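The structure is given below, and queries will be raised subsequently.
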Amino acid sequence: MDWFDSWALTLATFLPVVGIVVLAFVPRAQEQLIKTVALVTTIVTAAVGVGILLNFDYGAKGVLQFDPGKKTWIDAIGSNYHVGIDGISLPLLVLSMFISILCVIYSWDHFPEPHNPKAFLMLMLVLEVGMNGTFVAQDLILFFVFFELVLLPMYFMIGVWGGPNRQYASIKFFLFTLFGSALMILGFLALFFKAGNTFDIPTLIEQAGNIPHNTQLWIFGGLFMGFAIKVPMFPFHTWLPDAHTEAPTVGSVILAAVLLKLGTYGFIRIAIPILPEAAITWAPIIGGLAVVGIIYGALGCLAQKDMKRLIAFSSVAHMGFVMLGIATLTDFGINAAVFGMVAHGLITGMLFFCAGSIQERFGTRELARLGGLLVQAPKLGWILGFCAMASLGLPGLAGFWGEFPAILSAYQPAAGLSEPLFRFYMVVASVGTVFAAGYLLWMYQRTAFGTPKEEFAKEHIHDVHGPEWLAWAPMLALIFVLGVYPRFLFGVTDEAVQTVTAAFRAVGGP
Amino acid sequence: MYLNQFLLLAAFLFCVGVYGVLARKNGVLVLMSVELILNAVNVNLVAFGAFHNTVVGQVFALFVIAIAAAEVGVGLAIVLLIYRNKQSIDLSEVDLMKG
Amino acid sequence: MLRNAFLIPLLPVISFALILFFGKRLPGKGHEIGVLFVGGAFVLSAICAAQWISRPADYLPPTGHAEAAAVEGAHAAEQASTEAATDEEHPADGEPAAEGEHEVEPIRKAEVREVVWFETGGVEIKAGTRMDGLSVMLVFVVSMISLLVHIFSTNYMHDDRRYTHFFAALSLFTAGMLVMVTSSNTLQLLFGWEMMGLCSFMLIGHWWEEKNNSDAALKAFFTTRTGDIGLLVGISILFFAAGHTFDTETINQTALSGTISSGVLVAAAAALLCAVVGKSAQFPLHTWLPDAMAGPTPVSALIHAATMVVAGVYLIARLYGVFWAGFHIGDGGINPVALIGGVTVIIAALLAFVQNDIKKVLAYSTVSQLGYMVMALGVGAWTAGIFHLFTHAFFKGLLFLGAGSVSHSVHSFDMKKGMGGLKKTMPVTFWTFLIGSVALAGVPPLAGFWSKDEILVGASGNGYPIFLVIGLIGAFMTACYMTRCVYLTFFGEFRGHGHPHESPKAITGPLVVLAGFSILAGFLNAPGIELFSKWTENTTVLAAGVAHHEFSIGLAVVGTLMGVLGIATGFAYYVRNLGPHRLTQRNQAALTGYKILENKYYLDRLYTDMVVGGLKGPVARATYWVNQNIIDGVLNGTAAVSKAVANFTYSVLDQKLVDGLVNGAGAGAEEGGSALRVLQTGRVQQYAAFLFGAVVLMGGALVLFV
Amino acid sequence: MLAQNVIFGAIALAMAAAALRVVTTKNIVHAALYLVVVLAGVAALYILLAAEFTAVVQVLVYIGAIVVLFLFGIMLTRAPIGITSDLDNNQRGLALVVSLFLFGVLGAVLNDAYGSTKLASDNVIQKSADVGNSIFQDYVIPFEVISILLLAALIGAVVIARRD
């Protein structure tokens, strides 16, 4: 399978492009064909993903695999086409493919207004290219291109298929992220010039130690802005609730499930291993913002009247846990962060699916108008409850493994970080778990418990239907399986994470 | 002969062309000024070609001439169109891009 | 079977899944699965218990203050156990003789079976079962009570809206507790702990159509979850303090070996105590438990007798090394564990007097009894604490199911308005309930007497006289309010509607079984037999050097007297209308001259106050007031404040300030834009002029400065 | 050598003067004619630089075709033939300043870079054949592209100017 080894990642990234080209030639009216093409494309892409999963060498999770070597891409600036994955990228890559399929299935029969499946699905495939590409890129410029590539389709998804306030939301999303990207590319350029005229990530990891400490701090600052906005961390989060609220269901799901992960992934893949010294200096700040985000996001949730907005704020809180894990700069913490990323992708994705379905059925997401979901659509109600429980970090479901180890790791952060400070963070984060229970159960009580409100009491609300089952069942199963047997994920990430922190231990270790 | 005498002359032609482009309001005259600029560039190309003892300079000069011909053709067509629409080729009155 | 103990929690889990997915299609709507699987779990636990009892007590653990072995923890020690004989050569100098008559005796070796769960940061996290006396005892009790509750529910819940879901949740609840007690590490313990939290949420809010019920469910979940902050923090601290492990045995041994700094240990113990306070409904977080009565009665029985609230006590017992070393329990000073337990005993018992709802009386009684257990553990009477847990499970389960049986018959929980005189119509329920009450009151030779007595012995023997007094007062009050409860329910005239009748066999059967255990269970650790303490002793207790005290006949007499006195007081007051009535009337008349006495309801409350004796009345009311207004008020206030803060954060900070900055940037750009608009004439040549001008300026700068 | 320099000086002066007149004259037809002078001067410079093929093309294309095109343009737009004061817009001052500064900067740069660089006098004469070879071998693709460009320009001009 030498052939597969060198081409798998390129295929995984660019197969959706084939789908896009094919779609471009299908007339708009043939919707069935369009949907089939999109579905087949995502499935074939995921098949490559399965191939990667099977051929992945689990004995060497810490090294880059499926790496065909550098191919000259833009010679003038020394940028190469260099792809590769290790144990950290693998789960995220697979997650991204997986979510893409489910989103196509989910939107099968309910494309949001103004309909137009062709454009919608093409945008979705473009998104997939960007997401997959970001997770496999091993060259900063390549990474940047893919990182930015996801902006456009998402912009159009929100701007065209979004809710009433979509224009404001889409512009805000676009500008906010672009602002971060501008600082990020500055950071990349600085890395290029200060660390040996290369954009190659593995090379940079080896060479960047020579950069003077002060310069490192500035570069890290630039990268931090770029990634932190994408995550989003407090206080750069305000684009998120708007974008989520206005985006169509599928857009929200992809946004929550994968796009937010690009930011945290950037921290783990680029910022921390390349600039470990700066990471130590920045870690208390990141950790502080993370725990502020946890509490702040939770408080934000409590004040919400709109279900989707509530879930969006809960993302802020959850990504706070992920960032806290990263900020500890320990194996435990970063493992927890990767787990948290996947878990949050699945769980919050599911919550958005539920919110979307509720909106579709009731025509509103306003908590005050909902109620008695368990009476009218018991299965949907159960699923929502399951996701709420998973989201609040109940052991046995995936959310727990992102939350608890992050708290655990904050007790003993990496050498060079202030222990009392991080222990304080730990306690604050633990308080955050109670808040999480608070807002999620409160939401659940308002939507699912009680009896249906008068305006909906007579309506027939149909329960979960076919495409929804198809799209949701795998996610629900994964949430459960990962929760009970986290080794599936920890086993893959652990070694790779240790290489990340090894680059770091060399600096901060005793 | 110094290389610079050609270059300086070309620079002068170029600046005169720039002045023309900026200061003239008759469309045809603006196009003529553009031709000055293009010729200044051509002189540069040929002079450097001679300096480096290669024909590439001339080749590019020829290309530029060809493109200039095309440019003038299209440019004049546009000027004609403007004239036909506004009964004038006064570029000061063409301010569709006003914000 | 001890090795395969993982099957015991697994069975109810399977049961949960099966009921959830197939239950509705079965003729019994899923209860047959629940009964079958939980019954299976019970059989397996019984086998476990039998094997444990027949296991030879041949293991000599390293003593607590022995230096090296403790740190290496259980595994190393157990591997070495085959050569246990060599341990005898070990000089016993580590064990201070001052600890008393205690000497190292061989115990039964715990059966540990673990598999690697996952790895993170290069550390293997294991999952597994650890079966020692404590776990075996609890597994047995839990599966038995659960089985009885299942059987009971088949009839009690028969026409329920969500019969199937009820059984599913019941099974999962049982599974949660079983996971917790069998686990070999704190992480898995946390799993079971939270599973129970989830199930209590589901079951308390079983009738979620009414807002009160879902409110109660939320309250239960939040309150326990607040305590769980402590559990998360405590587990984290101990994970690192014990050298990157969740293993309970290692944690205990490390804590006792003195290698952990006392500050860390105190922090860990305090954090865990928070969790206990939340889960076991100790003062001041006990308020959720009475509200939790909103759930179906069988659930209350399960929560109070065998699962959920017992989990907190189990946590202390399981991680006793941490508490022992962190709070210096062996030194005889007042420590937080004992203090919280003691305060809870009194406060909850006082509250039990003012309730009219039979389930609330029992609920406060549970809180009070849990206080006993916690207090026992706090004064160093480990065996007494878990022995009380053991006996309490039977008679409290019995009492709740009895209350369920009564309400099944009269369709009410109000003792004053819906019951009375049921002695004749429901004889089985009456007699079993009476047995449970007497056992709870601590009358020999029933179960409650033996365990309560042991707690008192422990408190006095370990130098905690104040807690001895509290224990005695508690015993008196318990007897008194139970008398009131029994009298109101079964004696006098029937005050409800309809025709009460004896419940069917599915309901009375479990009552009879539990009544049997309530009578007999206490003898397991009666003086001279003392099997229970032998069976449950584990390495932690030995290593800590928990002292054993001989049965004291004097104390037993005093304890019995208190119980009997309580019953007599209650009897005298209720049945004979003696004593305090006139006193009250005179006092009230003399001091205030009010005619309020004519108000029967008010009088009732006043009498109730007088029963607990003169000045105790206001105290109880104040306690209730504190309960309702201050503690609950703080909870509600916290919610209100955080909501206000949340609103402020959202509407002012988030929407105005942070968002304002962002929008401000946009507005700034717009302002600047309109300023620059003047320049935008639309004339291309002008643009070109600017363009060239800019180029020239930049080029010039380049020429001049570079 | 001297002769060449003298000739260059003469041509340069004529060109400079003519170029100035192109952008300053008030008669639009005169402007076109002055442009012819400049273009012819450029052709002469090519010859001085021994690029006679380019010089010939310059004369043919520029003077023969483009200038004629201009004249057609002037006529078709009914530009005022004769002296008018209305050929300049109101930003002459700005344009003057910009172009003077531009010249200053360019001159400074050129002087700095090539102040004393001489053109080798023993230049191998670039034969027209070499130019042809170069175009049709090394630069054949750009050549083809330019062909298409011309075609496109042709069509484009027709489409734009077509009266419909």
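Labels for the chains are A, B, C and D, by order of writing; each one numbers its residues from 1.
Everything that follows uses one rule, which is that a contact is a pair of C-beta atoms (placed from the backbone, for glycine too) under 8 Å apart; a residue touches a chain by one contact, two chains touch by 3 or more.
Small disclaimer: the values here were computed from a predicted structure and weren't measured.
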Interface ranked first by C-beta contact pairs: B-D
Between chain D and chain C, distance of the C-alpha-averaged centres to the nearest whole Å: 96
Distance between the centres, which are taken as Cα means, of chain D and chain B, whole angstrom: 7
Intercentroid distance (Cα basis), chain C paired with chain B, Å: 90
Distance between chain centroids, defined by C-alpha means - chain A, chain B (Å): 53
Residues of chain D touching at least two other chains: 89, 91, 94-95, 98-99, 102
Set of chain B residues in contact with two or more other chains: 18, 22, 25, 91-92
Every chain pair in contact, whichever chains are involved: A-C, B-C, B-D, C-D
Of all residues in chain D, those that touch chain C in their complex: 89, 91, 94-95, 97-99, 101-102, 104-105, 108-109, 112
Complex contacts: residues of chain C adjacent to chain B: 677, 680-685, 688-689, 692
Residues of chain B touching chain D in the complex: 1-9, 11-20, 22-29, 31-33, 35-36, 39, 42-43, 46-47, 49-51, 53-59, 61-63, 65-74, 76-81, 83-84, 89, 91-92
In the complex, chain C residues that touch chain D: 685-686, 689, 692-693, 695-697, 699-700, 703
Parts of chain B lying in touch with chain C, wherever the complex brings them together: 18, 21-22, 25, 30, 91-92, 94-99
